[in-house]
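Chains: A, B, C and D, in written order; residue numbering restarts at 1 for each.
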Amino acid sequence: MDEEGFGMLGRMMVALEEIEGCREFAALIPEVRTNLVYARAHAKTRDDVFAIDGRITVVEGRPRAAGRVRFGASSHMARLIIELRKVDLSVRAGIDFANTPHLTAWLEDHCRTKGWVFSVIDRRGEPEGIKETEGASMPWKVAEAVRMAGGKVPKIFYETGAVGKEPVSVLVGSDPIEVAGQACEIARKYHGPG
Amino acid sequence: MDEEGFGMLGRMMVALEEIEGCREFAALIPEVRTNLVYARAHAKTRDDVFAIDGRITVVEGRPRAAGRVRFGASSHMARLIIELRKVDLSVRAGIDFANTPHLTAWLEDHCRTKGWVFSVIDRRGEPEGIKETEGASMPWKVAEAVRMAGGKVPKIFYETGAVGKEPVSVLVGSDPIEVAGQACEIARKYHGPG
Amino acid sequence: MDEEGFGMLGRMMVALEEIEGCREFAALIPEVRTNLVYARAHAKTRDDVFAIDGRITVVEGRPRAAGRVRFGASSHMARLIIELRKVDLSVRAGIDFANTPHLTAWLEDHCRTKGWVFSVIDRRGEPEGIKETEGASMPWKVAEAVRMAGGKVPKIFYETGAVGKEPVSVLVGSDPIEVAGQACEIARKYHGPG
Amino acid sequence: MDEEGFGMLGRMMVALEEIEGCREFAALIPEVRTNLVYARAHAKTRDDVFAIDGRITVVEGRPRAAGRVRFGASSHMARLIIELRKVDLSVRAGIDFANTPHLTAWLEDHCRTKGWVFSVIDRRGEPEGIKETEGASMPWKVAEAVRMAGGKVPKIFYETGAVGKEPVSVLVGSDPIEVAGQACEIARKYHGPG
């Protein structure tokens, strides 16, 4: 590993510890679990992106990483970050979490308060030819999130509407400690419906 | 804990070790992860059902339990077993795993070879009033699986067709060591499409 | 595994959970760590004795098992229990923990209160020929503990006085839940010197 | 955490992964377990030294960290490194492992081959007044190791001869990846007596 890698790995460990220490975040971990990713400054492939092997799940009511932080440990979130970086190179980190109608409305408000760009990917609009080709969805999804955000990479966005896919929200930023802190702040401020 | 509990917990640990030792099973763990459950002989609620806290996920390419085996650690799979037991009291254990069109076709063949009853729950047929009521789906799903199996509890069944829900397969039996062994045999024999 | 093994494994898991949940016990875990062992009713070798692979260590200030509960996972404590069973077959479980002059004095009092037999193995009395032969110490140590206890297997004993060996205390009983409970009670009642 | 800390933490994680991946090192882990430490460039106290919470133990025949890498997680090894740095500021990392007469003789040869300084601390020479004062041993031990090495900080040294203390060997260097690599090379080359 090189110097960039050592510093990135240290930041990932600190970010992960923040998430594991935030009991409220457990309520935002979806069935498909949460991942936290961090791309090299010149990332080209998923092997340039740190992620958590086995993702973050809920154990004894708290967020817990299933495995180690490794380059290449994520497929979906790593490809998402790499695709977003084609639009904005400052995006290097991201985290995914739950999505419900109630949370979505709350997040939209939260983004307004923070001055963050919010967006949505409605997968019912995805062309059939793309849906059927393994791996082809990502460029379409990112283009859709950016289009719906008026041409910018949004800070938070969600995708919804697919058969057989749990909808999730995504928050992105430049550093895993930043995105972990922002995700934990959301978890502490948000209280579910009812 | 009582004598029944100690023996059940020991059996859960041995069953879990079989799954963790079966590298091929990692390919059958869905995004929503796998759980393994085991109900008391007179189980009434989810607190009478052992399950794995945090479920089983994939770490370093192998199945790995995220947390401990505990009574009450599952909601969905525990309620499924309890509902199935209203039809057949011999059902005490179950495991869920991936579902794809290719695997479904293979499982149907496998069941024929084994002399096992196979069934399906098509959630597109679920009445709207049930879908919208939290927790109301389970009796409908079990009734549907049993109806499609000609009135018997099937050995393997799957549910499919819901927006926002990953489809999964379920295998049930009388003991977690039995169902773990049967699930691992499937994992070793099945090879994905292509 | 057989029926006896399943029940024993369940009891070991419950006993371990009690120890892991007793924060005060962390202060009694020696540098060489703690093990908890449980022998079959007809145990002949260490492979008939459950123990914790990697023993119990202190993580984040709490007792934590390093690995799984397995038959054969202990050498020293397993051989100790097997040797004790030559004197008293009701002894099936044991746990080892710290030993200091202050704790020893306290334990002697505690045993008096409980009506338990207390004993000591002073390894300075061990014949040279035994010390030098790998594995030969155990029969001598058990004979010494029993001799110093007036012919009975003591409930608690300690060994001390060897160059290169950290002294430890041992508590034995018929069941791991019993010995875990008794060890945790000691940990909660005992407060170190000063 | 600051930039130095992030980079150090990343290096600790990589060093730890090397040790965990070296099955042969398990044979060199003493009863008191192994720690790996890494001091800040301007370390003053143990809170400036990274170490492994719960140390490294043997699980399923392999080295395994019990807990997380944290500043302040070691007392003994951290104080040893800080004391050594009073003689040589380039020393920032260290690892401890087993010590037997056979290994000692082998290590002395290995040091000769590598051109490394080897030393010994014979605790039978420790003045009584120092032995009895908690924490007073470390300056004496380091002075003794340096004195026996002709005034230099040795690369490898061991301490022996104390009642109630397991003897260990220590290897030091400037970086945890360096010392982990050197310790694993020793483990792979060394084969125990017989």
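Here is the rule we go by: contacts are C-beta pairs under 8 Å (C-beta built on N, C-alpha and C of every residue); 3 or more make two chains touch, one makes a residue touch a chain.
Quick caveat, the model's predicted, so the values are computed rather than measured.
Student: Compute the shortest path length in steps from subunit B to subunit D over the network of touching chains.
Tutor: So the least number of steps between the two chains is 2.
Student: Could you run down the chains that neighbour subunit A and subunit B together?
Tutor: Per touch definition, common to subunit A and subunit B: zero chains.
Student: Which one of the chains is farthest from subunit C, going by Cα centres?
Tutor: Farthest chain from subunit C, going by C-alpha centroids: A.
Student: Could you give the separation in Å between the centres of subunit C and subunit D, each centre being the mean of its C-alpha atoms?
Tutor: 29
Student: Which integer distance in Å separates the CA centroid of subunit A from that of subunit D?
Tutor: 40
Student: Averaging over Cα atoms per chain, report the distance between subunit A and subunit C in Å.
Tutor: 48
Student: Enumerate the residues of subunit B that touch no fewer than two other chains.
Tutor: 68
Student: Once you've mapped the touching chain pairs, tell me: line, ring, star, complete or other?
Tutor: ring
Student: Can you identify all of the chain pairs that touch?
Tutor: All touching pairs, sorted by chain label, are A-B, A-D, B-C, C-D.
Student: Looking at the complex, which residues from subunit B come into contact with subunit C?
Tutor: 1, 3, 5-11, 13-14, 17, 68-69
Student: Would you pull the subunit B residues touching subunit A in the complex into a rising list?
Tutor: Its residues touching subunit A are 31-33, 53-55, 57-60, 64, 66-68, 160-167.
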